[in-house]
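The next part holds the structures, each set out as structure tokens.
In what follows, chain A forms one complex with chain B and a second complex with chain C.
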Partner chain A sequence: MHQINMNFINLIPLFPLLGAIFCFALRDKKPSILCGITASLMVFLSFVSSTASVFALSGAASPAGTETVIVSNNFTWISAGDLKIGCDLMFDRLSAVMLFVVTFVGFLIHIYSIGYMIHDKDSNRFFSYLNLFVFFMIILVTAKNLVLMFVGWEGVGLCSYLLISFWWSDPANAAAGRKAFITNRIGDFAFLSAIFILYWLYKSCGFETGFDFIKLAENFKALSAALPSSGFVVIVDLVCVLLFIGASGKSAQIPLYVWLPDAMAGPTPVSALIHAATMVTAGVYMCVRLGFLFAASALALKIIAFTGVLTAVFAAVIAMAQTDIKKVLAYSTVSQLGFMFIAVGCGAFTSAIFHLATHAFFKSLLFLGAGSVIHSLAGEQDIMKMGGLRKLIPGTFTTFFIGVYAISGLPLMSGFFSKDEILLYSFAGPHSSAIFYALATLASFLTSLYMHRLLFLVFYGSFRGDAKKYGHIHESPAIMTVPLYILAFFSIFSGFIVFFKSLNFKTLLASYQSAIAAANISHSSEYSVMGIALTAAFAGLIAAYKFYISSNDYLSKINNAFAAFIKIQENKFYIDELYDLIIISPLKSVSIFLHKIIDVKFIDDYIVGGTVRGFKYINSALSDAQSGRVQGYLSAMAAGLAVMTVYVLYNSIR
Partner chain B sequence: MTQLIASMSDNLILILLTMPLFSFFFLASLNSLGGARVKKIALALSLVIFTASLCLYGGFNPQSPSMQFYKSVPWISSLNINFSLGVDGLSLFMVLLATLLTPIVITSVSDKTENPGYYMSLYFLLQFTMIGTFCALDIILFYLFWELMLVPMYLIIGAWGGKNRIGAALRFFLFTAFGSVFMLWGILWVTSYFQSANGLASFDILQLTSSAYNFKSQCILFWMFSLAFMVKVPLFPLHTWLPHAHVEAPTGGSVMLAAVLLKMGTYGFLRFSIPMFPKAAAYFAPAMMFLGAFGVLYGSLMSYAQTDLKKLIAYSSVAHLGAIVAGIFSLSASGVSGSIIQMINHGISTGALFLLIGMIYERRHTRQLDDFGGIAANMPVYSTLFAITSFSSIGLPGLNGFIGEFMILAGVFSRSWALGALTASGVIIGAVYMLSAYEKIFLGSVTKKENAALTDLSHTEKLCMAPLVALMFIIGIYPGFISCKIENAVKKITAPYTFVKQAGSADLNFNEYSVNAICQKKN
Partner chain C sequence: MTIGLAHYLVLAAALFIIGLIGLTIRKNIIVLFMCVELMLNSANLTILAYARQFNDSDFHAAALFVMVIAAAEAALGLALVVAMFRYRGTADSTKLTLLKG
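Then we have the complex of A and B:
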């Protein structure tokens, strides 16, 4: 690993932090466009600085065969004994891809938000939180060590909490924010545990690596040599599984996905930025960043792929029955994140990041498009009350259409390339499996189906909503549609890896992947996977067309046949209710029970109260003894005398 | 002039100790002056004392491993008892905590308080005893201050407290006195032991510490001292006095109790239990770590069960202090320094929480969670400060709580994964009870008309909170200004306990409490 020192990269997170402070200072002032523009400018500046860093990185001469990293060692943050954690940043090709997504998509969403939030009385506060989010996200992807990464990790969780419950006067929004934060904390608990076990593992073998990514990766081989292989595998398995639990909290995988659909309570740009494009992919990023570890744990990879595939299918099934436009997209995000984890689990880290990037474009496009639809319908989110909008809001329709095609994996769109790679690796990669492949293909069929269902219900047919509203439907202002066009452009073309080519994306992470055997994939399997994937995507399109456009016959027949199942599906398989039943309510009742039994009854009443009562009893006994009544004294004397006599007699007899 | 300065800095610690005592008498004599004027005088005095303590911080040399600002005056010379004082990195920050919070508490005192002179003077008496406890280097002197501390606190709760104040004050007094009896016994034992072994009487803490005792007596003495500290911390199952005391105490009393008084217990572990009886400490460390770690889970669950905000925070103290104890008894550099930093952090964030509770109680005269709802609309500044403080309390990275929590967990995990995980359970449940409480009080829509009329914080109230909130950020981002000064103190405490580097397969016995050589060769 070739390291170059450049403090310049500190600018990347600095700009949005300044923006956040600026907007927060103005939060009580009258909302003005000033905050929106400043916030957008700050994100743009950090986009510019990260692009400059890309040039610095690609321009740097490095010894052949080594990966170049720009680092900035700033100051020692935490220090105790030999534990030293620096507040240090790094910038390598992986960070470059993530930063491009975060700052570029982030910038477009900021611009869009100016139009979307202009009428909100708290828009200054909104932009402050949004900039703070970008700051923490940049820290997350540029952190040079695990602990600083955790700072970004929790920081984005905080911003997610603040933005989900942004309109907090509705109790439902406040509850959704709390649910997101707490579910994430369950993951964080596992993440933290993994960090400490990893630290302990290196330290007990004599490697003073601290938490530094570069040192951890460099010493990993030596570490595995220093330990007996069986035990080493056990610990690495444990660490990787714990890390994945952390990742599944942030990236909404089974069983910790439940917070993401509720998170749609936040403003739509937030859903696009945080809950689709960036934050929720942090788990995938973390797995890839620590790829050298995961590559050594076959068990963890299997668990990851299995969870991913299960989530991809399960969420897609739920998405089919949702009627809220944002909820459909939310479950779709959960499902797509599942795809990324399939890639991770099959050892195709590069494909995971590839899909992460393309997904960021088309999913934020879809969310922003949904926001534009909601905006033009004055807040309506129910797709059953939409329909026929394609003529009324053509700009939104065109871009949304592109988004749907990209996510469905139809030919030559970005999603086609990235999803195809994942399917290929699940079919013929180093950790492939027929079951994973079959289920992933099923999920991609379902994706195409529910996305076209959404497209047809919203934009085709005739308007099903309130007739009075029909006349007021209008296209969103340019400040909202221009970002849509730009995102649409990238949704189409990012699949050609235009950007990533220059970064030599294909060999990205080669150093991390050394432990995974290079996949030896034949052309025939490549073509057959591609063929089947295309068939699945088109089958979804055709099925959706049959159900939702050509006639309603099929649909009503199916609805009748599977009425019970559809009811369960609409209710999201009652998972929330199940969690409430087995975790949330018991936690509260156990707490109250323990408080009543142990604290109040046992300790306070029996032990403390008992001691007090004991003293009272002794006290009253002693004061009785001094009552001053002569009869009492005499009888005590007599009793004493009797005892003494018996004692003396007893002794003399013996 | 330079001579004057030199002699002042030479006697800084004596000045720092006597100023609160002087202020106590002075303010008590001003009782009839009326709230507002007494408050001004008290605030000025407390700020002078705080400035003096800042000189202590500035003058403290982080390189020197010995006690600094050392001052010893013969007291009872026939018994070789001296009035000796000094600070190391540990006591330095405890003193700073006491001197920082006093002006804040004084600022928060309402002008309408009855007998304001007496009330505020008691905080100076309290400060006097706390500084004395943390700086005393003679064990008799320490015990004196330790016991004397009960008096002002008893009076603050008993005379200015809530409805059931007498019962709570009595309970506080009796619990602590119960522990102290054992400590007194232990003190007499250990000094006589020292005398018989070395031929001369000494009550000097450093001398007592440097002497070696056999393992059996160490074990008994360890518990005699530790019992007193466990009550004060308070550690499960000796914690039940705390919620009662907090609920009945006036705001200032709660702040001082949580922020500083509880730290006397953890300070005791670090000053006496561990350095004096190192082998016993290593031997009982797993048990103590377990009690601490269990306290985290238990205290957090108790918090979740509460409907009274003050009780909720009181129980959260049980959880936080449990983590601190677990960190201390990990006997590792990161665990112990994390614990010291967390002692400071808990003082700041829990102190701030009690201040905030006092502010809302003054407006609404209730602390029941269900009586609120949606008040963020009327009180934006208050709700922001409450949110920051809550996040600091649950250890959000970037704020102070995370630093201490992280270092403690690093220490505990290095000893036992299971106990580490138990300690880390607070990460989840802490978020559950704090965010639920926050949501109930601040979010949603206003449902009660009393809440619609609430006014946001006054300038005085903001001023109260400002230094604490600033510290939350400063410590969270640059804790170096603390850790550099405590390094030597930590090194001294943890020096006998090294992290064992085992070779080969032994590494895989990860759940075993891998203590060092000291425990294996226990005489």
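Then we have the complex of A and C:
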């Protein structure tokens, strides 16, 4: 690993931080477009500086066979004994991909938000949080060590909480924010435990790394030689599984996915930026960044792939029965994140990041498109009250259409290339398995089905909502549609990057990929996987067409035949209720016991109240003694005098 | 039986204790004054008994001082009692509890 020092990469996180401070200072002022423009500009400047870093990175000469990394060693942040953790940033090819997604998509969503939030009285605060989020996300992806990454990790969690409950005056929104925050804490606990075990592991073998990613990776080989192999495998398995639990909290995997659908309570641009494009992919990024660890743990990879596959199918099944446009997209995000984890679990880290990037484009496009639909319908989110919007909001329709095609994996769209790679690796990759492949293909079929269901119900057929509203439907302003067009462009074309050999995408993350033995994938299996994936995608499209456009007979027949199942499906398999029963209710009972018995009764009443009552008693006794009757004092004095006299006399006699 | 120092001292002590007990248990302020006078006189009696014992006339001056102070105190105290009786309508010491905490 060839490191070059360039301090200007510090500018990348600096701009959004300044924007956040500026907008936060104006939070109580009258909302103006100034904050929106400043915030967008800051993210744009951040985008420019990360692009400049890309050129600096590709221009830097590096010794043959090594990868170049730009680092900025700023200052020592934590110094405890011989543990030194720096507040240092790094910029390598993986960070470059992530930064492109974060700053570019972030910039477009900021622009869109100017139009979306213009009528909100708190829009200054909104932009402050949004910029703060971008700052923490940049810290997360550019951190040079695991601990600083954790700071970004927690920071984006905080911003997610602030933005989900942005309209906090409605208790439901505040509750959704709390749910996201608390669910993430469970994952973070596992993440922190993994950090501690990792420290202990390196320390016990005499390596002092300061959690620096580069040093961690460099010392990892020596570490495996220094420990007895069986014990080493157990510890690495443990660390990787704990890290994955952390990732599954942030990236909404089973069993910690429940917060993401509720997170849709936030404003739609937030759903697009945080809960689709960037923050929720942080778990995937973390797994790839620590790929050298995961590659050494076959058990963890199996668990990851299994969880990913399960999540991808499960969330897709739930998505099919949802009627809230944002909820459908939320479950779709959960399902797509499952795909990314299938890639990680099959050892195809590059494919995971590829799908992460293309997903960022088409999913933020879909969310912003949904936001535009909601905006046109003055806040209506129920797809059963939409329909026939194709002619009324053509710009939104076109871009949404592209987004649906991209996510469904129909030919030549970005989703086709990235999903195909994942399916290929689950079929023929180094850690592939027939079950993973079959279920992933099923999930891809379901993806196509529920996305087309959404498309047909919203834009085709006839309008099913309130007739009075029909006349007011209008296309969103250009400030909202232009970002849609740009994202649509990338949703179509970002997949073509695989054809540009000069960009070298396949080896973009070579250092991460090389940890896994290169798989020999024959062309025949490549084509057959592609054929099956296309068949699945088209089957989904045709099924949705049959159900929702050509005739309603099929649908009603199926609905009748599987009425009980569909009821369960509509209620999201009662997972929230199940969690409520087995976790939340017992926890609540214990909390109530601790509150009512231990806290109120024992601590407050007996210990604190007892002390107070004791002093009150002493006080009243002393107060009674001071009766105000001088003769009383005199008798006390005389009695004292008498006692002293007797004492003196007694002593003198003795 | 000759009457020596001890007799005087016992008498003085008895007077002092009678005065002290009267001071603590009686209620009328005039009576309390009388008790104070009794205690002052018992002190005087002690002083003079010792003066006699040690043949030292300096103590006589001290006894005279005490009598003068007692007279002045009686004059001032009785005036205060009269003023207070006019103001509060009572000379009962148990009713005077302004110092109550």
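The rule is short, and it goes like this: the second predicted complex is superposed on the first by the 585 of 654 C-alpha atoms of A that agree within 3 Å, B and C clash if a C-alpha of one lies under 4 Å from a C-alpha of the other, contacts with A are read in each partner's own complex, and residues count from 1 in each chain.
One rule holds in what follows: a contact is a pair of C-beta atoms (placed from the backbone, for glycine too) under 8 Å apart; a residue touches a chain by one contact, two chains touch by 3 or more.
This is a predicted model, so every value here is computed, not measured.
When both complexes are overlaid on chain A, the residue A:F150 reaches chain B alone and has no touch with chain C. Once the two complexes are overlaid on the shared chain, A:D28 sits against chain B while remaining clear of chain C. Contacts of A:W168 after superposition on the shared chain: chain B is touched, whereas chain C is not. Of the two partner chains placed around the shared chain by superposition, chain C is the only one that A:Q631 touches, whereas chain B remains out of contact. Contacts of A:I78 after superposition on the shared chain: chain B is touched, whereas chain C is not. Annotation for chain A, partner touching more residues between chain B and chain C: B. With both structures placed on the common chain, the touch criterion links A:G59 to neither chain B nor chain C.
When the shared chain is aligned, chain C comes close enough to touch A:S623, but chain B does not. In the complex of the two chains, the chain B residues touching chain A come out as 171, 237, 240, 243, 298, 301-302, 304-306, 332-334, 336-338, 374, 376-377, 380, 391, 396-398, 402-403, 406-407, 409-410, 413-414, 417, 420-421, 424-425, 427-429, 431-432, 435-436, 439, 442-445, 477-480, 483, 490-491, 494, 499, 501-502, 504-505, 507-508, 510.
Of all residues in chain C, only 20, 23-25, 93-94, 96-101 touch chain A in the complex they form. Chain contact summary for the complex, chain A toward chain C: residues 623, 626-631, 634-635, 638.
Of all residues in chain A, only 28, 75-83, 147, 150-151, 154-155, 158, 161, 165, 168-171, 174-175, 178, 181-182, 185-186, 188-189, 192-193, 196-197, 199-200, 203-206, 227-228, 231, 234-235, 587-588, 590-592, 594-595, 598-599, 603-604, 608 touch chain B in the complex they form.
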